[in-house]
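So, here come the structures, one by one.
Below, chain A partners chain B and then partners chain C, in two separate complexes.
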Partner chain A sequence: MTTYIIQRLFIFFPMLLVISFLVYSGLELSPGDAVSHMISPELASTITAEQLDAMREAYGLNQSFLTRYWIWLTSMVQGDMGYSMAGGVAISEIMVKTVPATLELSMVALFFSTILGCSLGVISALKRGSGTDNSLTVAGMAGVSIPEFFFGLVAILLFAIELKWLPVGGRLLPHYETLWDRIPNIVLPSLVLALMMTAGAMRYARSSMLDVLAREFITTARSKGMPEWRVNILHGFRVALTPVVVLIGFRLPLLIGGSTIIEQVYQWPGIGSMFIRSVRASDYPLVMTISLMYVFVVLTASLIIDVLTALIDPRVRLGKE
Partner chain B sequence: MEDKNNIALSVRDLKTFFYTNNRCNKAVNGVSFDVEKGKTLCIVGESGCGKSVTAATIMQLLPTLSRIEEGEIKFQKDNKIINIEKLEKNGKEMREIRGSDIAMIFQDPMTALNPVYTVGFQISENLKYHTNLNKKEIREKCISLLNDMGIPLPEKRVDEYPHSYSGGMRQRAMIAMAMACNPKILIADEPTTALDVTIQAQIFELMDKLKKENDTAIILITHDMGVVAELADNVAVMYMGNIVEAGTADDVLRRPTHPYTKALLESVPVLGRGKNQDINPIKGSTPDPYNRPIGCQFAPRCNWQTESCDVMPEITQINETHQVRCHKYEQFFEKYK
Partner chain C sequence: MAKSSLDKKFDQIRKREEEKTFSTKKRSRIVNKFLNNRLAVLGLIIFTIIILASIFAPLLSPYDPMRVDLRSMRQPPSLDHWFGTDSTGRDVFTRVLFGGRVSIFIGLGSAILSAVVGIAVGCYAGYKGGWIDVIALRISEIFMSFPQIILVLLLVSITGQSLFNLMAIFILTGWGGMYRLARARMLSLREEEYVQALRSFGLSTFTICYKHMLPNALSPIMVNITLSTAMFILTEAGLSFLGLGVPLNIPTWGNILNVAQDILILQNYWWMWGPVGIVISVFVLCVNFIGDGLRDSTDPSQQG
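Entry: the complex of A and B
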């Protein structure tokens, strides 16, 4: 197991390097550069080519592609993420502001959707064909197919505007001091995000559970005189869990990137909206940092999935012992 | 039959029906037999004739679409007679009998063990629910059970997962699991079908030893006539949900009186008779359970069929132990005597 994790870590860094180069090249190929985004359209006609070149030189954009990549890489390795070209703010500062906001939202959503999705899926499977199962199936289908922005807007309309139970959006306001003050703000966005994910997890847990309940070792467990809860949960769900864990694990990176729409709907100051802005502005340092972070999360998530499946299912043997 | 105290389980007129798409499959249609203590009863027959359903009925492990229609399953426990068919399917009393008084081993040891728990854990579950042993005693018992089953290095093997066991070892582990609480009855549903022949012999030897040592009654479900000849004390031949012939192994194997039994015996090659021996497979196949022949179920495939076979024959007692369900058994018996 330990050797396996170490092996994976060895691949980890070369992969980060390759992907960072690919993203950098992609940015280079896209039309326009940071300077062309800095100048407002009204000024564009009055500015001379010399002035533009001077600006490019000031930002170091006139150097060759490889040189710039090398400079970026060496400073990144030293822990210097650089400054945003669009705003001049240190990227580390932007990250400190946005990453916790996104993580907060997605962690809450992941937590509730996992617990709710698994338990509803198991109930649905155990009561197969009953009214409960059918209504959960319909709800699951609706949850999977309704787009999240629509669901988010309806929730705002209902709970924030009509019923006035919860705030419309935002995360932190100046007068918010305690954790308690902040909870109402996270309820709606995390709930909407969680409900979408619950639907998928539930359908997955249900089919996986049905599959396992038909296996012979379930009959064996019953033939030993085990009570039903033990047969279903200890023998059934434990085995059914493996594919569900894989599904949830693959959602970890989605949570960082995938909450973009919900962040927009609820004006959540997270990383998703920041990423969109930085790509539009060809803000190399910021785009690079955020995309590297995505890559990092994806790679970490797949490592976590591997370790978890090995823990749950002893047949999955990792590395050589 | 004889002395009532010898009988561990008595099944009378048992009917188990399956209901699918508004149709009824009479999988077990009036079966009666007794299982004696310390004896092996072999239930034989073709696939789909109700052998496994009979076993599942005794354990109340039937799938949801089936139910016990009528009949009695009387089980003797601590000098009391319990009617198993009256117990709630997964209720407390039924669960107390399962695993401790009546245990079961299944056909395919590859799928019958839970892949995510150690073999030791799966054996210990049984002990945990049916005995008062503490953790340490349970572990010791698990190891000694595995040792009894001839598994090498039981102290190490007890903590291993089923996937690191071979097929034969898994079936031994299954038997260890079933024998953990010294059950009075062991139901083995084709326990060696998935194993190769050398392992088969070892498993049967083991079962025979357990039967002798613990006075366990064994219900062995099989379609292998060789196994029957080797192990059975009593034999019941089933066809389409009925027992067509029953008796001691000697009665049924040496003096078969039902054309179906005879046909079953003739369809098996005998070792040592060479390539030129006559093997007569039974002609045709088992009828559609939803579209059964009227009267004797075997009649359409039987060489002895007459008009009288349109009526279901009653059970006839030939001697004290031997019974048959056939109109023509006297003529049949005469011919092959």
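Entry: the complex of A and C
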């Protein structure tokens, strides 16, 4: 087991390094450098080439590409993420502000979608072939077909504008409101996000439950005269949900993707809407840091999942592709 | 009585055998199975209608999707303007039809092209193995370490916005999944006896993997192409909604929805964004139905 984890770590770090290099050089290739983005269009006509060069020198942009990459990498490892080009705010400061908001939204959505998805999937499996099963399957497909932002917009129109039950968007900061005041703001975005993600969980739970129900120990339990609900809940449900829980980790990229657009729709001040803003403004340091952070999260999650699956299921072949 | 009907059956079978229609029997079973799936057929019908409507858009609508008409600004749906008009007086129905052309082209085109790339690499690498396979696998792993939308946004910020760039980005982000699928199929087919027989005949690697093995790996790939078409259309809509997809002057489904970011339009002019949102959802749903039907009819292990 230890050798397996070490092997995985041997892939993990080079992977991260290669990706950071690719992202850094990709942004290097994009049109214009940091200086040309800092100058407002009105100034651009009056500024001289010498002034531009002086600025480049002041920011260290005249150094070679590899040197700059090395400087950036070493300071990144030491925890210095650099500064955003918009207003020169430290990126670490932006992260501290936005990451909790995104975590809050994602965790609530993950919680609801897992509970809803697992229970609907199990119901669907138990009533296999029935009207309930078929309509749940179709509803699940509709769930993955409707663009999440469109669903979010309809929800805003309905619950925030027409019925006025909930706020249109935004997030209240933790320090000046009580928890109770903050709940209405998170209801719409988290529910929309959760509903969009339920379909996937439902499909996994359904097929996993069907798989388990066909096994022999279920027949044994039935033949012992156990009531049907006990067979389903104690034997079927418990065994079926273990892989589903592991699969939640696989859905992390989906969660990140979904939350990015939903955050934008609901003006939720999280990392996703910050990323979109930085892409729009060509704020390259911020774009780079945030996307690498996502890569780090995804790679870590898949590492943890691989180790967990190996722990749960001894049949997983260790160390071989 | 019974004997004569049995004779008739035998006659039919003999006749069919003589006409050599037996060779198509396997295909027709798949088609039959697909046609028995009501949702898949419904999906195929609506899918065809939407595609035809987009192709023949100039015949179906008297308006120009780009022409600004300030006298008929923000009109609600009427007989003249089925989906109303937008803030610059352009007919929304016409824009949805013309937008469909671009959106479907992007979705279908990117899915097919990324499949071509993924299959070309996956077949060869999966069959041959060795260093090509290792390198291709690592490259696809790099692409898969990003959440899809994040990678697309990152590449948009590197390359800038244009229709061509967006398709290139979609292909770049989409080939990995297709590659892995083709590779996995090839790895299992490689051990089959007919492949070993072909190899012992001394056929070239290209002939074996693209001409003899690929057709046997095609059905899961077809399913995957439909599903990634759906995904690309949704991603394009999302990106254009954010204003980061196709440049705003080209009508696409996402670009039409873009106006809904304005809360006033969201509240007061539902026809500018509602119908197009429904069209996207219905179209993607149909594509998913088709994909599901294809999977059920081609893959015997996916029953129930």
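Here, the second predicted complex is superposed on the first by the 257 of 321 C-alpha atoms of A that agree within 3 Å, B and C clash if a C-alpha of one lies under 4 Å from a C-alpha of the other, contacts with A are read in each partner's own complex, and residues count from 1 in each chain.
Note that in this section contacts are C-beta pairs under 8 Å (C-beta built on N, C-alpha and C of every residue); 3 or more make two chains touch, one makes a residue touch a chain.
Computed from a predicted structure; not experimentally measured.
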item: Touching partner for A:253 - first (chain B), second (chain C), both, neither; value: second
item: Chain B versus chain C as contact partner of A:287, first or second or both or neither; value: second
item: Which superposed partner A:156 touches (first chain B, second chain C, both, neither); value: second
item: Touched partner set for A:220, first chain B, second chain C, both or neither; value: first
item: Touched chain A residues, chain B compared with chain C; value: C
item: First, second, both or neither for A:279, with chain B first and chain C second; value: second
item: Contacts of A:145 with chain B and chain C, given as first, second, both or neither; value: second
item: Chain B versus chain C as contact partner of A:123, first or second or both or neither; value: neither
item: Contacts of A:308 with chain B and chain C, given as first, second, both or neither; value: neither
item: Partner chain in contact with A:238 - chain B first, chain C second, else both or neither; value: first
item: Contacting residues of chain C [partner chain A, same complex]; value: 39, 141-142, 145-151, 153-160, 230, 234, 237-238, 241-244, 257, 260, 263, 266-267, 270, 273-274, 277, 280-281, 284-285, 287-289, 292, 304
item: Footprint of chain A on chain B - complex, ascending; value: 59, 61, 90, 94-100, 103-104, 106, 108, 111-117, 125-126, 129-130, 161, 163, 174, 177
item: Sites on chain A touched by chain C in the complex; value: 15, 18-19, 22-23, 26-27, 29-31, 128-129, 138, 141-142, 144-150, 153-154, 156-157, 161, 168, 210, 252-254, 256-257, 260-261, 264, 275-276, 278-280, 282, 284, 287, 290-291, 294-295, 298-299
item: Of all residues in chain A, those that touch chain B in their complex; value: 215-217, 219-228, 230, 235, 238-239, 312-315
